[in-house]
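One structure follows; several queries about it will come next.
Should a chain be cited, it is by its letter among A, B, C and D, assigned in written order, with residues numbered from 1 in that chain.
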Amino acid sequence: MAKINVVVAGASGKMGSEALRMIKKHQDLCLVGCVDLHHKGMKVKEIEGLPDFDAIFYDDINQCLDEVEADVLIDLTSPKVGFKHAKAALLHDVRPVVGTTGFTAEELEELTQLSKEREVGAVIAPNFAMGAVLMMQFAKQAAKYFPDVEIIEKHHDQKLDAPSGTAVKTAELIQDTRKQKSQGHPDEHETIDGARGADFDGMRIHSVRLPGLVAHQEVIFGGPGENFTLKHDSFHRESFMSGIKFAIDRVVKLDYLVYGLEHLMMD
Amino acid sequence: MAKINVVVAGASGKMGSEALRMIKKHQDLCLVGCVDLHHKGMKVKEIEGLPDFDAIFYDDINQCLDEVEADVLIDLTSPKVGFKHAKAALLHDVRPVVGTTGFTAEELEELTQLSKEREVGAVIAPNFAMGAVLMMQFAKQAAKYFPDVEIIEKHHDQKLDAPSGTAVKTAELIQDTRKQKSQGHPDEHETIDGARGADFDGMRIHSVRLPGLVAHQEVIFGGPGENFTLKHDSFHRESFMSGIKFAIDRVVKLDYLVYGLEHLMMD
Amino acid sequence: MAKINVVVAGASGKMGSEALRMIKKHQDLCLVGCVDLHHKGMKVKEIEGLPDFDAIFYDDINQCLDEVEADVLIDLTSPKVGFKHAKAALLHDVRPVVGTTGFTAEELEELTQLSKEREVGAVIAPNFAMGAVLMMQFAKQAAKYFPDVEIIEKHHDQKLDAPSGTAVKTAELIQDTRKQKSQGHPDEHETIDGARGADFDGMRIHSVRLPGLVAHQEVIFGGPGENFTLKHDSFHRESFMSGIKFAIDRVVKLDYLVYGLEHLMMD
Amino acid sequence: MAKINVVVAGASGKMGSEALRMIKKHQDLCLVGCVDLHHKGMKVKEIEGLPDFDAIFYDDINQCLDEVEADVLIDLTSPKVGFKHAKAALLHDVRPVVGTTGFTAEELEELTQLSKEREVGAVIAPNFAMGAVLMMQFAKQAAKYFPDVEIIEKHHDQKLDAPSGTAVKTAELIQDTRKQKSQGHPDEHETIDGARGADFDGMRIHSVRLPGLVAHQEVIFGGPGENFTLKHDSFHRESFMSGIKFAIDRVVKLDYLVYGLEHLMMD
């Protein structure tokens, strides 16, 4: 079977270098180029800490896609350049797999149309950790049977926002299927403010911040005499990589844009 | 909406008395009779520890179903009488919801045919704990994405068999969808026999037995940089009751037999 | 070795009946009487749900202690009668083991003096679950090394106060040894109020309330690259019993009053 | 307060480079030299991935300790050179803090004597993760009250031995204080070999190996109606660093050798 030729944008970044290591582990993938602000003209293997690849660094997406035979672009950069990269890829009939988040609705709409017109598949996902996607989708299904649910998310203590985006997204998915109810005893009272956590549609979300933690979330459903818990632990940013590989394997068979890994996994 | 009239077989047993308490909590259910070896002719409320019901105890299923207007029979007895009760119910056009396990294949086939002929629904389930059913069904789905999985089941220390039936059933469901592989490092070795647990199709199952525990199971999927865990805690036999209520609400709309709560929940 | 003769006050209550079952399991204990508002003059075995004992029920502590040869009184009643019972026991040179909480400082002082004067030991403890005592005492020790700590306590959804008394008590013990610091990123912000839980001396306490849960607490210490967690699960009120037995075995060798099981365990 | 001058042996290794980053974070420490097989004569800051220090690399411990004013040597190398380094340090009145394991009894004895003679403190510890040390020491104490205990250790799936060294060490410590008993029901049976894990003195140890995991251990004590759990999660090798800092702060006040961080922490 022919290898899938891959270009990585943001290759010298933390997530980008993980993508290079992932490609190295898969015989069916072949790195044909990198796009980055740094290292223009250098071979990947010449850079300390990056795997042994001969592919070279470009600082311009169009020049790169003009010069190399790519099937897929993995984009792990920032919203600012991520959109430009995805658009350039589609215009080169190269399928973008984009882990960068923060696109505007207009940008997403433009990419969706372009993908359909050129019949070139694309995948954009805020979360490529397959365990996290399963947790969120199963939470949505479980909420039909268990209206009582609380979410505990735990992160390292440098995280600023609480609750985390994943926790709010999970609560939103639960809200779609859960019979709305305000949980806990009607007369319950906090002897210290905040003990019962954040109230989201009658559910509660608790945010733990401690050194040592990475990114962890538990969704706990309670029923008479039982608890059912969904838990995702992301120990390392490598947790995105199997989801990216999963998306690469499918995007080559798509001719439209898919937003959200869950649609590739659950549909 | 008219109440669902319910007869409970095995009402003075541990699980049966839980069913009576569950019925007491639901306005849409009405207890019209009990079948049991004990207390013939007594009202439920006359027996210490049972809820305040006027329904009376019979020691014969047919006499009971002849005399009371029942829609549903909840059977929480033993395989020996469970089959007889389910059959009698179907012959009275009463829908059996059976938590008793251990029927032979022939008995199940006979009940399935009878249910179809009389177009009277029936539900038989080895496990009515909805959280346990979700855990097992989600494990089957998750195994498509995570071939590396280990099961840890924990029970009170009076349990005889290891691994538990639920753990083996879960492993069998995972086996259906999981890419078979022998897990752990090829050169791993046990310095003390048994450390790596039971080998089931290359997966590992670990059985913990300790006083204080009730019935708990974790299914842990591992991928690069992440873990995804499904966990079910049964703290009390009351955990069966929401599943039994769920089955009652659906069996009144069925005209065939369903084996396994998952088919009511997931289909 | 001579058996320890025990009287149980509050014997027909939920906790009292557990104490009777505990006594039944221990060859070195002998039930010689019960004190309760109910069942005056009846034998324990004549009451449905209570174990097979010939000891009889009294409704007056002094009459009971006058008529039976008791070494130890287990009191599992209410603050109102608990104090009267403990005092009567000491005056009869019977050692009280009291699980009832809510005594005033004056009442405790009076019992302490009486115990010293008569050189008759006594044990009063708000929490007889040995696992809970270990969790709290170890948390106090661990806090010397890990100033970053968060507490997650989980209870059934009929509990009114949040955080739980045990969580606050644990935080107070940690406060004694922990280097005070405000945890989490200085610029962290709650996008939904309460997400970060209750702030106690810079630590955070989170209260989960769900059906199915009983009483559970985790104390999580975070340090660079590691977490250390202490967890106590009380699945059933039986969890008090090994602590009560532990106290009985020691109170017979004491000639003063000890407040708090930890002093018997850790000193 | 004067800074503590530190030399790091094995500085370019994974653990050694963590030690450099730890030193960078502490104002009261000052890096004065590094010993390694590589980078002789180079400044630490000249090596990609290492922090900004001017201290230089030596390939000989004696030359290094002759030329720099060191108070403490951190040795994170291998048993072969670790012993030579520790001895050289003591002979230079420099206090060794050694994370390297695998010394022979004779080597330990020689270092102990040398340390006493020269009245120069030293600390050797197989495990510098303070959370792991607390887990093991608290397990030893808890076993007095809970003879029923099972250990679940979870590691990445490249680990060869099962159970882990830490699990066996924990079981040995428990064995010292636990009333020996064979756990589980006397008639329990494995329907699949190994389900009940490794039998160590009647306790059970279970080893989970999954991708994504790092190094995690739970010690679960069971009693009637309750469980008490001690859990240590090492997410990253950085977990050794607070223990090494803890040892540095104390070794400067010692005039003898301490083997095992617990003796600095618990005594």
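What we mean here is this: a residue touches a chain if its C-beta (ideal position, glycine included) is under 8 Å from a C-beta of that chain, and two chains touch if they have at least 3 such contacts.
Since this is a predicted model, take the numbers as computed values, not measurements.
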{"item": "Copies chain C and chain D touch via same or different residues, half shared test", "value": "same"}
{"item": "Gap in Å, rounded to a whole number, between the CA centres of chain D and chain A", "value": "36"}
{"item": "Junction residues of chain B - those touching two or more other chains", "value": "212-213, 221, 223-227, 233, 235-236, 239"}
{"item": "Pairwise touch network: line, ring, star, complete, or other", "value": "complete"}
{"item": "Touch list for chain C against partner chain A, complex", "value": "148-150, 152, 154, 157-163, 168, 183-185, 187-200, 204-213, 220-227"}
{"item": "Of all residues in chain A, those that touch chain B in their complex", "value": "22, 129-132, 134-135, 138, 141-142, 145-146, 221, 223-242, 246, 265"}
{"item": "Residues of chain B that touch chain C when the two form their complex", "value": "48-49, 212-214, 233, 235-236, 239"}
